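Here is the structure we will look at.
Every chain is named by a letter (A, B, C and D) in the order it is written, and numbering of its residues begins at 1.
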């Protein structure tokens, strides 16, 4: 079983990412259950905006798209800016949406029988706004959203330390990363054993 | 199997409700699969705002709460006002949240192994905003959100006819009510056969 | 000059309100500039849901509506529940919207030449989501939104102390209540001196 | 007086843009009042994600930033994708935010005494969600938001014609573009005559 982390930090992997640090907490639990994980730092890639599978001009989305299709579990990680998800996570959402018309061999949307979650880090406020937007979009294109499929850290109102500086021991966040990881695994396994019947949802 | 519709129209059942008319489309598909359905018009009840199971003072939420617990499928219906879900749907969300600390006999949140969806009607704009908010909240307290768990109708920008006047034959909306109904049934059945394991999510 | 605070806490005034405590900080600055202030605890009133000026059946909105019309400055205060504004603030928004078709003697929407702001308190996350929703709605019905017209306090992710327990000395929040109060006053005075011309916005 | 339109369509100016067509309606009214207008198609530029004034590596934001500072009126135009504003509008928001710490000669945020609005086009739903997000962010960094500072067009629920194909004669949208244009002009003029006093908002 494979889990793909799309880290939509605005920073390339040459810089440390708080979102990456929180994704690591989820990775720990996934690995306990022998789920293979891979993290992609979106800022490392040249991804064109647009609503096509391949926008051309050196667009590197197609190689990420292949990994999305190969993974049973997708987790989008985003920092918070001005109380909302990052521009790169919005870009990823749009490119995922571009494939929402593709179907599996049963005629269901290509994202059916896959599960998704969200990881959010911010200095102070906006985690649920960001997660709400990402999970709703993922549900809309075909992902299953298990209960408690997100985890986040934000600090007190105002400028202040980041997750890596201050939040790594936060009990609430720790508990949620574990709950999220296990629920994603549970549902990915359930959908392997009992794939979603096609009645009502296949063309 | 039982499905409960909480219709959060601002109007009591003495008035026609567009949201009710769209819920009827979902009901049709649920009944094809022998799911028992019940619609509650929230505006008919005296429900106190607050974050307790029973707010006292003639609060009628407790009787609705019992029905929520008895149903495998919960669908919240809301009209759109100023581009967002109704105050009554926000009230219902808060009262559902008040029981999020209650657990089943396995120690999981009381809403685990249940599935949820949303039905939205509006004159012109705001359906996805309303649905996004409701589905995220329901996921947060323990509901499973299947893919394509919502359906809505809105008309063209500006004042204009309502769902009952203009939208009942909209193909996109019809297709979504069917997809939503079947996915709710598929997942409710799946969770009966394979309940969510407790690892990671039980106290 | 009058400022009206509509405190949309779920609790009646027999209970302490964190939102009220943060409104007091704004009140302090308004009083320095001789602005008359009044706080209404929405939970103390019987307000019917609906989109009419007076819903009948003992509806107490009409008396609040008069106070809204008499005040140059309106501040809506809301707690955060599940990352969003309260049901009572949504109710207030709907009832304010019900008068959006009324006009002043120049034919402009009744809320023109008035300014609005928002005060939000929560345990951990959702302040900007709540404020964003309230300020957008107020702008939509005719209020002017000065820069930095909101202030909020939320604590670190997870359950924890409230504004009154932990946030009253937060520098960021203090600075924002002052900035908000002064910008509301500046714009209320500006609109007295230079009312919005009617070109383009009057019937 | 200058108005800058930042068109955040995902398409470069080699393609027609519905958002551009709706911006033209606003332009018409601005020109009646001798406001100079310029539209920038964000997709034509190489803009790096990040929270700095100049991200280096050929980043073309700095030249847009100069135009933002030179204009009294800023209008962000965005299409709707999956019920929300575009990734490019989120990118623009982040880059504008990167200058929110800069101040004018009085010590106020650099965006003070400027006014902002939003133009949204979509096939079916999400205009107010997109506008709400953009206007809130612009208010947060220092822009004044006049009443009715947005206009949009969306069609009926589901796939269907675009603004250029079906919406150009929509009366509601037409009325809103006029109201928006005039209110932006009125407030830009008011702020020229009576700039925002510094009390409470300057460092």
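We adopt the following convention: a contact is a pair of C-beta atoms (placed from the backbone, for glycine too) under 8 Å apart; a residue touches a chain by one contact, two chains touch by 3 or more.
Please read these numbers as outputs of a predicted model, since none were measured by experiment.
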| item | value |
| --- | --- |
| Far-end chain from subunit D, centres as C-alpha averages | B |
| Between C-D and A-D, the pair with more C-beta contacts | C-D |
| Where subunit B and subunit D are represented by their mean Cα positions, the distance between them in whole Å | 36 |
| Intercentroid distance (Cα basis), subunit D paired with subunit A, Å | 29 |
| Separation of mean Cα positions, subunit D and subunit C [Å, integer] | 25 |
| Shared interface positions of subunit C, touching two or more other chains | 82-84, 128, 132-133, 136, 140-141 |
| Contacting residues of subunit B [partner subunit D, same complex] | 82-84, 124-129, 132, 152-159, 166-167, 170-173 |
| In the complex with subunit C, residue positions of subunit B that touch it | 10-11, 43, 49-51, 81-88, 90-91, 93-94, 97, 133, 136-137, 140-141 |
| Subunit D partner contacts - residues on subunit C that touch it in the complex | 29, 109, 111-112, 128, 131-133, 135-136, 139-149, 178-179, 181-183, 186-187, 190, 193-194, 196-197, 199-201 |
